[in-house]
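Sharing a structure, written as structure tokens. Questions coming.
When the chains are written out, they are named A, B, C and D in that same order, and each has its own residue count from 1.
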Amino acid sequence: MSDLRIAVLGVGMMGADHVARIGSRIAGARVTVVNDYVTEKAEQLAATIPGCRAIADPLDAIADPDVDAVVLATPGPTHEKQLLACLEYGKPVMCEKPLTTDVATSLEIVKREAELGKRLIQVGFMRRFDLEYAALKALLDDGGLGTPLVMHCTHRNAAVPPYFDSSMIVKDSLVHEVDVTRFLFDEEISSVQLITPSASPGAPEGLQDPQIAIFRTATGKHVDVELFVTTGVAYEVRTEVIGDNGSAMIGLDVGLLRKSAPGRWGGEITPSFKERFWLAYDIEIQRWVNAVRAGEQTGDYTDGPVAWDGYAAAAVCAAGVASLESGLPVEVEMVARDTIPGA
Amino acid sequence: MSDLRIAVLGVGMMGADHVARIGSRIAGARVTVVNDYVTEKAEQLAATIPGCRAIADPLDAIADPDVDAVVLATPGPTHEKQLLACLEYGKPVMCEKPLTTDVATSLEIVKREAELGKRLIQVGFMRRFDLEYAALKALLDDGGLGTPLVMHCTHRNAAVPPYFDSSMIVKDSLVHEVDVTRFLFDEEISSVQLITPSASPGAPEGLQDPQIAIFRTATGKHVDVELFVTTGVAYEVRTEVIGDNGSAMIGLDVGLLRKSAPGRWGGEITPSFKERFWLAYDIEIQRWVNAVRAGEQTGDYTDGPVAWDGYAAAAVCAAGVASLESGLPVEVEMVARDTIPGA
Amino acid sequence: MSDLRIAVLGVGMMGADHVARIGSRIAGARVTVVNDYVTEKAEQLAATIPGCRAIADPLDAIADPDVDAVVLATPGPTHEKQLLACLEYGKPVMCEKPLTTDVATSLEIVKREAELGKRLIQVGFMRRFDLEYAALKALLDDGGLGTPLVMHCTHRNAAVPPYFDSSMIVKDSLVHEVDVTRFLFDEEISSVQLITPSASPGAPEGLQDPQIAIFRTATGKHVDVELFVTTGVAYEVRTEVIGDNGSAMIGLDVGLLRKSAPGRWGGEITPSFKERFWLAYDIEIQRWVNAVRAGEQTGDYTDGPVAWDGYAAAAVCAAGVASLESGLPVEVEMVARDTIPGA
Amino acid sequence: MSDLRIAVLGVGMMGADHVARIGSRIAGARVTVVNDYVTEKAEQLAATIPGCRAIADPLDAIADPDVDAVVLATPGPTHEKQLLACLEYGKPVMCEKPLTTDVATSLEIVKREAELGKRLIQVGFMRRFDLEYAALKALLDDGGLGTPLVMHCTHRNAAVPPYFDSSMIVKDSLVHEVDVTRFLFDEEISSVQLITPSASPGAPEGLQDPQIAIFRTATGKHVDVELFVTTGVAYEVRTEVIGDNGSAMIGLDVGLLRKSAPGRWGGEITPSFKERFWLAYDIEIQRWVNAVRAGEQTGDYTDGPVAWDGYAAAAVCAAGVASLESGLPVEVEMVARDTIPGA
């Protein structure tokens, strides 16, 4: 099967990140078109990617025959028109949040896609793919906490850009917990209350920070969210769900932490080396592939342990096996590395 | 740049895992040849991969013009001959441990590659690529613990296969800590002692389990390793380094944990959403690419939040902004989902 | 200085616990009078304590010349009259919560004591004495979190008695967080909101459980409290304070956990053996005192390591010092314990 | 029953600590005699304690009719003679480690006491009374880890006094792990090996620090101990026991942490407020007793929440109950505190 040819629209921080990701870590896809309203930025980026062009008009980029699918990382106000173009051309699109910037146009998009009869639009609520959120969702779906009743969330940033205003805390930050609530509980939110404590002395003049959001879901579940985007500390995203049969917390830097009757707390330990080291294997192979592809230039086709490391391990293990038999310390015998130039 | 064409030799558990990895998660590479001494296994696997053939003889597979690089996941005793073939054809090779099964042939391989004047061989000590080991290495290299003095390691498995014997605990398990020691300390191990406590009642008859290994490095650092491969619990790999300026531990399910003067313990918090969620982004995009490529068949080009989720988020945030202004609870207004068939 | 002679009024669970505590773990005090509205209960208890009498009328107990001070563990509705008696006789009183059962009489008590011009009444909000709350208070007072802005509390019980009703969750459980808020922030609470999510399927019919309480303090700080008293799990009391200069959490079974700029989390490590083991020393000495006092009867004046343990330690250390010199394993030489009958 | 009258011999750091402990935190005992080879030190201390005298000769102190029992905190070389005196006078004695300074005299003491036929001597291995060690011992005795096989210990100090030499690391530090091993495993240690890695750059000239001790017990259990007494960090004492049915660790600032099949880690949560707050209750009552006893002088018979705090709690809870009924925020009504002078 040939690679999926992707157009990335908008190559600011988020879009450029997607371009790099698809180029270096995603199998079965490549970026063939990039676009940005700052055309030079797109052109410079395209020049660094084999087989990639910049196209100045986003709608032309969507329509281009070299494009199978679209990643939308443009500013929110342009989404509506671009999404409609994707639907028109029948091209799948991965749309960074927000879908559109208001409720009415969002609903319009939903209706248009429904009329087409195929799902082309995915929205970039990436937390659903986070291993901890996925584990929490699985725990809830398996009934591990019984009936979920209450959820506490914290959403803290060290700092935000100067243009960030009080309503963006709702629309750009809280929106993630909106999706997390709907994802974890599989039901809609029916009412919202925002509480505004005294503002932090460290918050910019005029920014209502922190804020506390209170959700009530369709079946009466309670969710509270602390939003504090100028903590000066770090990025802290934590979620705790309390059910009638125990509670679980993620985001406390210790994986999913669970409390259950009778009086137990704890987590899971990795069952085997695969779960523990799968990511290490991925990184190892990806870096090796990259090194081999660059090897013609560098003369070095490795980016990790070399043959000498294999020899040294063999020598140490041989001494270890000898000690296992004798029970005594055994000296390791190895040639000096510098006797083999190039090793 | 075209994809790297890889031959995977040996498609047992480890090799099959590499085939799946390269096919689904590694950018810039594809598997064009597979080989196994059970030829049907290789043939069946090849049939599932577009553009991939099985080749019965491993040396033919290495020599094949359709192969740019080799992944060696064959049994250890075959490594020597296969590595020499890779060197002969000048093909980069990622060789699962061990390099070869004895010290003399390992040294021979090192010498042959050194004569070629280019590094073609990488050995599969994948822990060097684990994020926690990498963080520990960086901490040591930055002098964060001062001079490292002592290292404690545990290496526990829930269970091992029936053929696992006492010396395999050294050659198959301890070998990882051999490499970890050399990697973290950048020096060779000069002596080894194996201590054999009373065997666990749960260990198979004749298996000396647990074992304690004691290393002394060239500069006099002390390393001890608990090896216990029939714990019945889980996979627990833990490493603690103690320097004259603090200590750090990895593998305790909490990332790197550090103790430092004056009387502080702790870790780092993720500085921004990128560090926290980069893997979620990768998974999101990979799953979306896979869904889009399969969309022709399924009519569904998504594998994540859909347009409706974007609409719902918009509706909730609109209510949130209204509440931010009034301070009162605000009902969320949404159309019913089932009024839009297909949404 | 002679021991403080204490009357304990009410010897139900709480009062009996205080009697046992004063008798076995509190220096400088003894219980000379006990009282309960179930007179036999008080009489039976008094019979087990040297120098202690039961007095049937609580006001007589307060007035008794053998009583220097009073511990009040009687039901709340009787507090007012008993506190007034304590004030009348000028006797210091440690009053379990509530002070009285309504606001007006509580205020009356405050006024009467103020007129006396000496503080005789202490209220039993014991969390102020908990080491973790004290550490959190110290951290706040030292400005370690900057200006406190938000506090999250959880207050969970595995179960409550059958008579526990929805308003008791406020008056008996939430009251602790009321005091914690006032203690930590040194300011009054100005408004309260109780949110009632769907009740837990595991809660008794008619009990609104869980509940969420929202406080706003005089200066605009936000406090939320999750109250959930039928979790079936355990007793979980957790408090997190977020300031403009970091956050800290207690009650997560890891001591005080703190997050601070730049991107650090962690806690304090015990600086010396005193901080680590002071409680062990207290317990050791208390158990030894108890054993010695009972020794006449038992012939054993110890409740801990005996002389043999001292000998064995000496023998092992002697072998250790020999090994330190030789670097080799050294056998420990000891006589067999059973060659010394009585050792 | 009258208080136990105790002589404390040796009032250096350790002994003075015992004097303070008995005076302020231990029920049923008081210090009637203190002794030190620096006689003024003992006299100054005695002057601060009601009913306490200094006696210059330790043997006179032991013999004194005002002394029921003895705490021995004198230097080790004097223990033999003083312990023999305690045995002669039949006085119970709590002897700080070591029992005596060599193996032969320790054995002699064991024999003399055995001849007396009553246990008078307790040795100050206080770790047995630490709540975490006690929990680990209980877990082992209950068979919770199956057969214990291996134990890892760390014993780190930030710093040691200048006179501390290499063999004191064995006799003063390692001696605790000697007792811990014997206590937890209920068997003797049969061989010892000390390993000496390169010394820490931060260790004083001539001090072999760190050291690694290896024990083998009578039944073949393996114990290793890292001793590192000049870490510059803090006091870190950690013990992990691995059995054929799971492992458990204490000293990691999180209580007892346990790993067990199938793939679970975790700990216990406090079952009720008693376990969570018993120490807070003890401290509350002890501080209140102390305040009441000092009240005559200060006019303040409290050292904790006062009547006003009880009133404030009542006012907040009343508002809470009102909000529970209405679901709306309710203002708290309170008089201003300064309208009641003295409150």
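Rule of thumb we're sticking to: contacts are C-beta pairs under 8 Å (C-beta built on N, C-alpha and C of every residue); 3 or more make two chains touch, one makes a residue touch a chain.
In this text the structure is predicted, and so the values were computed from the model without any measurement.
Asks: Starting at chain B, what is the smallest number of hops through touching chains needed to reach chain D?
Replies: Each step joins two touching chains, and the minimum needed here is 1.
Asks: Taking mean CA positions as centres, which chain lies farthest from chain D?
Replies: Comparing chain centres, A lies farthest from chain D.
Asks: Report the inter-chain centroid distance for chain A and chain C in whole angstrom, where each centroid is the mean of the CA atoms.
Replies: For chain A versus chain C, the centre distance works out to 45 Å.
Asks: How many angstrom lie between the centres of chain A and chain D, each centre taken as the mean Cα position?
Replies: Taking the mean C-alpha position of each chain, the two centres sit 48 Å apart.
Asks: Just the number, please: Cα centre separation of chain A and chain B in whole Å.
Replies: About 19 Å separates the centre of chain A from that of chain B.
Asks: Can you list the residues of chain C that touch 2 or more other chains?
Replies: Residues 158, 195, 214, 216, 233-234, 236, 253, 259, 262-265, 267, 269-271.
Asks: For chain C, which residues count as touching chain A in their complex?
Replies: Of all residues in chain C, those touching chain A are 146-147, 149-150, 152, 154, 156, 158, 195, 197-198, 200-203, 210, 212, 214, 216, 219-222, 224, 226, 228, 230-234, 236, 242, 244-247, 252-253, 259-265.
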